[in-house]
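A short worksheet on the structure shown next.
Lettered A, B, C and D in written order, each chain numbered from 1.
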């Protein structure tokens, strides 16, 4: 009887994901532009687009950190089957769309009312939240289907799962708090960048370390 | 007598293909934008572009699935000669163009008549169909020229070829049915994403499995 | 005495080049768009941009073939020093710019006079010519500085150099003939795609083949 | 007691960086376009955008050289921890933004006053300067945290650090001199491309060379 193809090594999926991350993060720069300027007023025109520069810098850091975390997660995921690929693709679909709410935030800071800003930042954080759900789904699915590399400590794996959940909660909180204060919401979105500086735990069991 | 250079390993062609897939899929997001908004009306402006968000999500899933299938196909293709490279490049030319009909579908949903929508979805599905033809040509050519990896079961290889043909037929059907119902056509286009969840068969002969 | 760093393996330069090729070729699609359409007239609007679709298809094939040739050339180049890197970067600068004359050709076919078309196709072919000069400079420099892989037949290496020169001559001819007939010029530009189907010679000396 | 995950090999970070460099350098071409042309005047329209072509060529060379230097630097960096990743991401954020001041320079050359040009070139050079600071931070951090590959000569490593500092000083000088002469500033920005042709030193200790 013919079998089904065994799960493939996850490295190609990781390389594809790296590509999407690299492109999405670089495309952010396309929204940084001046809308024309009168002779002698370039400096003022650049000053006027500070929201675009700010939105660019903040989102570049956030997406860069999500990439780095994703890269760290796939250190422990050894194989990929079809469902894992689709979950990861759905997560990438959120990342690739992030430039859209980024530009909404920048435009609403310049031309919008307080309500517009709240909507923009809520969308911005909400998309990070949905992406985070898929991110966590990738991890949970990989754990349940035993797609992790060998030699990991089950207790550490569980702890890591909870660690990943924290991000989702933070982004959800930011999406809700956007209607109270957009700056508090943005600060929450940036929190995970700072949190990323905390060294991540070694998931390997004691006897699997070199 | 000087010989001709033997077929090269296919891994570089696969990496190049992965790059084009990753870029094309990420560029889809460039068409998700609001066309300006009046102060206080950002939420409404976002709501008004639901066709762009929908078209983005659907196409991201479809192109992501084609990438995953392509990646699966090259698991069995070991070497590449000049003709195979050009066939694959032609297939990539279709994928890279997919954002164009995607935006046509989105715009026709907002501003077009029923006839416009049919044209847009027929083009959309038709491009997937043409890409599928080249996709199948890559496989058939690789089989005929013995560019596959060693140890595959000829019967399974033939079955896999038929499996790939199904996609082309589905896309052709979608292109034709677009003139009856655009939603049925889109559903057909999405069918292969669902079908992808069916685990793909192991093409190796019994004695070539580890 | 401190030495200077020896030439590095060329694989990273090749991967970077592959990336630029993949992005440039995919960005070509950004110029395929309709300039808006009136309700009920989408099919006509698509028909009206046939020059953009044609220019896209032709250039995708040409850049795809240059990528494939470049990939073939680096099969024989084993190491890269600083000068080789800059020559390759200059060549990539031409490839990355190719979407610009591509759009000029498309626009001049729709809205331009015969003189505009000649200028556009001459620019298009001229850029391929300049890129071809750098392409040949990469090969010649690699040969002269002994950056090739070991075991190549010097006679075959010389022949290959002449083969690469042919492309430059063809592109130069196309640039000049554009002022006589744009279609002859485009046909010449496409000639190398067809020529690519001729299997390339094995440059290894007899005793270096497996 | 659970440990923390040891620093990872730096090759994935380098591949991600290569991706961002390749995309940013290719996106430069998006700003090379004519703003429409009247029938029969395409040649004049191309001539009128010489600042865009010049800015494209200069920036392509500069970013290409920064990539090549970065690639050379990571030859000696063997491992990456969380802080190194964020420093590198911040550097990439500057590189990815470089197309913005590039277009400002091009536009100010065409439509701006002398003051506009000074502002644009100062921004252009200033962004290279800030990117250079992060570039140096990556190196210094890697040295201090012992993330380099084994077998390097400490004296040579120190010398290399000073070499990298030179670039930052040159870019800072260019940013300041932009207010005196934009052409002197651009010449300074290009200086490092020429300087790159000087072979870089071998950092390995005598007994670590093959």
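FYI, a residue touches a chain if its C-beta (ideal position, glycine included) is under 8 Å from a C-beta of that chain, and two chains touch if they have at least 3 such contacts.
These numbers come from a predicted model, not from an experiment.
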Discussion item. Based on mean C-alpha positions, I'd like to know which chain lies farthest from chain A.
Written reply: C
Response to the item:
Separation of the C-alpha centres, chain A versus chain C, in whole Å, is 36
Worksheet, complete the sentence: chain B and chain C have mean C-alpha positions lying a whole-number Å distance apart equal to 25
Fill in: Contacts with two or more other chains, residues of chain B listed in rising order
15, 19, 23, 27, 30
Discussion item. Please classify the inter-chain touch graph. Allowed labels: line, ring, star, complete, other.
Written reply: ring
Worksheet item: Once bound in the complex, which stretches of chain A touch chain B?
Response: 2-6, 8, 12, 15-16, 19-20, 23-24, 27, 30, 81-83, 85-86, 89-90, 92-93, 96-97, 99-100, 103-104, 107-108, 111-113, 115-116, 119-120, 123
Discussion item. Which stretch or stretches of chain D touch chain C in the complex?
Written reply: 15, 18-19, 21-23, 25-30, 32-34, 37, 39-43, 46, 56-57, 60-61, 64-65, 67-68, 71-72, 75, 153, 156, 193, 196-203, 209
